[in-house]
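Below are two complexes that have chain A in common, paired first with chain B and then with chain C.
The block that comes next holds the complex of A and B.
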């Protein structure tokens, strides 16, 4: 069979600028100098290989050979702890002390729920989704002096952290976002400028599923009844009054996002146009069904 | 060709197709209002197909309009088939570059010349003794590092940059240039180069009307061109005439439009196909090709 390449190439240049003397160029490296063997400065005597021996005769021992000793690479055992470390999820630490400081300096508003977006928007913490960073780990440093009632959503939290938040009557949820959602959260304006729909957050991967469905880690997919029991148990363990979220004046504070939702007040599938100051919502039933939780 | 059947009976058999068309198209007449009357010719189309020598069984032939030059506006006299191995090859720009570079270099003579230390006047005397002066060793004040000294590794012209491009590359370059012109709609095939007048304004008007660009190369199979077009084109630098044996990649690419007569197309195809299928094309060292 005849090749279709010439026909495709001719179709390609059909509407291109006219091929003329000004537009010609050689194929890359068409006129390059051929690489020469290494030569001494004046003439080819030893060609930089020294005088006699293994170097000149290309009989050097293998790389790593130590002249009869057990080589380093065989003497030291393998350390497999870091296998696949470049694929593991990373949660940069963010302490309760830092959070308290942010609150005291009015960098975050505790009258509203605090999520990753509001923390990143302070420009104090920076998350790089491209470096396998999947959100923040709220550590218990400064748990003893933490005194604010907050509703916070983080990606990882220890038991002591959860206790510190709930001791003050606050609420904490651990929540998984994938890289695509994190890119939208960490650079919101840049994401809106791309003009693409807000993504629909997928469920956590298999190795994270247990953590985010666990009521003890306050996972966002955990059963609310079990979470309530867990809160009571934790309060018993640490010795404080379990938090009560049913009061009427706190209904605005303790609101939750949908598991598919990544921004408060914006649903997946919507397009936000910063230029027109408008929100574009899908109407096609297929799209609406796809973006439903 | 069906239309021509009656005419062919009258004509001598030796006449080629282009000559037949030339025979039919008599000179047009200039009217009083300055326009040109169309040639009297048999009803169109005159040609609906063209027989290709050594057709490629796998690739369909290319097709082009057959046009005329004896009216300002183009008349489509018919449609002709073109050989895909010559008018439809892959547009390798680097091969065009190789051809153009060769065409520029093989006739280039480098006249750069600078004197060496031997050719600069003076400098025979040792400037100062070898030792005990505290100065550097100096044997001549015309050494390259001296002001007014000779030039080290000087250009020693005149010398020629002549080299020969391989025949395969030259043949390939011509095919690519023709294919590129065809693909970009810059190749026009005409029945003959006869125009009704020798005024250059006619040629300019024709090329402006047909959007043929700023320059055009007219190629015929012989080097004896019709008088009218020779006179008309002689006044304008960018319209040039050329016989088939002078056709080259540089000229094709230099002109915006390439105009071939049907006889020229026949000859180009015949010559290029002959070379393309020659057993000596790619093996110039082993066999000496018959002249």
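The block that comes next holds the complex of A and C.
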């Protein structure tokens, strides 16, 4: 089935007439809104405007007008702390306690790196990219009882959280995803069903750039040598042996994604077809260059 | 029909089989991967360098945790069942004289300043139950310990003979001015009283 479609398509291209202005036609069953002609059947009627009054006579007041009293949109004062609220990113909290519980109940596999995708796939926590939610904030509640060695990737983490994970020998990275990438991560099967190539993750916006290039917050764009130094310092501060990631047994565990990559093992630009159980990769040099840049 | 054609146009390559183990090991490197952003350093950070400082010269702030004994106990204060059950109080002990990581010249000062925290066996005990979390209390303990050692390591400033001379001159001048002002006040008072 998968192999016949390209043949058919090429056949069509060979036999169809040349694309020109005289050969264009809109798609059948056009889903766009078509304005209905407002004509009455028998005699002239009100044309959907009702009887008498402002509604029929086109003299309705402006939107928001409440008959004279101060309207709602003017009653509420504008405060400076609301400025830009619609542009602010939210990172819903996810505690270490919840994470430990997930691990204990085998909801999440700690032999592989844990990222936002694996956490969301457990269906315990839901991230809504449409509500300005940009990922997970790993809080330090449960830092004392956290005992697992994990390689975890979140979007925000405080110092105590980082210490709690590293003192158990684990690795934590903070990583930025934009809304498009989050839509792919939070509803992966739905995204694959759409047949769109996996997006290439952009760099973080200016106000987040400092956080993600900072070694103290284990940003994914920070200098690895400075991150090592920061790990050592944190270990001295909180009183534990600094973690060692060089052991042979953990070669599968301690992995980091490329800054453009969203899923482990899948490159940006690939299309995953769950129905055909196949991955489609672009070969065109322009596409390849774009997705590898 | 057209939709099918559009999809087919995109498939310019051979489709690959879905193979789980193969996928995990495949590494993707873009132009902004860490290798490209930070080309290899000539002097990478090595933790070993910091683990054994020259102990006789100065205290670097580095504390070897293996040589401390850290104990977690139950904290005091209100809190009901939680405070009764959870071990959030942190106690750090170590024997001062046998500690190789503190320079020798600091030890007498440390013993003198922290007399109240040292027990009969010569062990310095640092306790913290500041926060509700054991991890933060441990950090507080270590912070306290470092502060103790740093304050014990403060060397008094060496004063040069020129500075001593300057100090003397300034003292004499200040004294002179004081006495002048005193005499002036005294004269004023006697004039007001009408004394001659």
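Here is the rule we go by: the second predicted complex is superposed on the first by the 213 of 293 C-alpha atoms of A that agree within 3 Å, B and C clash if a C-alpha of one lies under 4 Å from a C-alpha of the other, contacts with A are read in each partner's own complex, and residues count from 1 in each chain.
Operating definition for what follows: a contact is a pair of C-beta atoms (placed from the backbone, for glycine too) under 8 Å apart; a residue touches a chain by one contact, two chains touch by 3 or more.
Model, not experiment: these values are computed from the prediction.
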{"item": "Which superposed partner A:131 touches (first chain B, second chain C, both, neither)", "value": "neither"}
{"item": "Most chain A residues touched (candidates chain B, chain C)", "value": "C"}
{"item": "Which of chain B and chain C A:286 touches, first, second, both or neither", "value": "neither"}
{"item": "Touching partner for A:207 - first (chain B), second (chain C), both, neither", "value": "neither"}
{"item": "Which of chain B and chain C A:5 touches, first, second, both or neither", "value": "both"}
{"item": "Which of chain B and chain C A:259 touches, first, second, both or neither", "value": "second"}
{"item": "Partner chain(s) touched by A:221 [first = chain B, second = chain C, both, neither]", "value": "second"}
{"item": "Chain B versus chain C as contact partner of A:160, first or second or both or neither", "value": "second"}
{"item": "Chain C-contacting residues of chain A that also contact chain B", "value": "2, 5-6, 9-10, 13, 27"}
{"item": "Interfacial residue positions of chain C with respect to chain A in the complex", "value": "2, 4-5, 7-13, 15-18, 23-34, 37-38, 41, 44-45, 47, 50, 61-63, 65, 68, 70, 86, 88, 92, 133-136, 138-139, 141-143"}
{"item": "Complex contact set, residues of chain A against chain C", "value": "2, 5-6, 8-10, 12-13, 27, 112, 140, 143-144, 160, 163-164, 167, 195, 200, 203, 221, 223-226, 228-229, 232, 236-242, 252, 256, 258-261, 264-268, 271, 276-284, 291-293"}
{"item": "Residue ranges of chain B touching chain A (in the complex, touch as defined)", "value": "56, 58-59, 88-91, 93-94, 96-98, 100-101, 179-180, 183-186, 213, 250, 253-254, 256"}
{"item": "Interface residues, chain A side, partner chain B - complex", "value": "1-2, 5-7, 9-11, 13-14, 16, 18-21, 23-27, 30"}
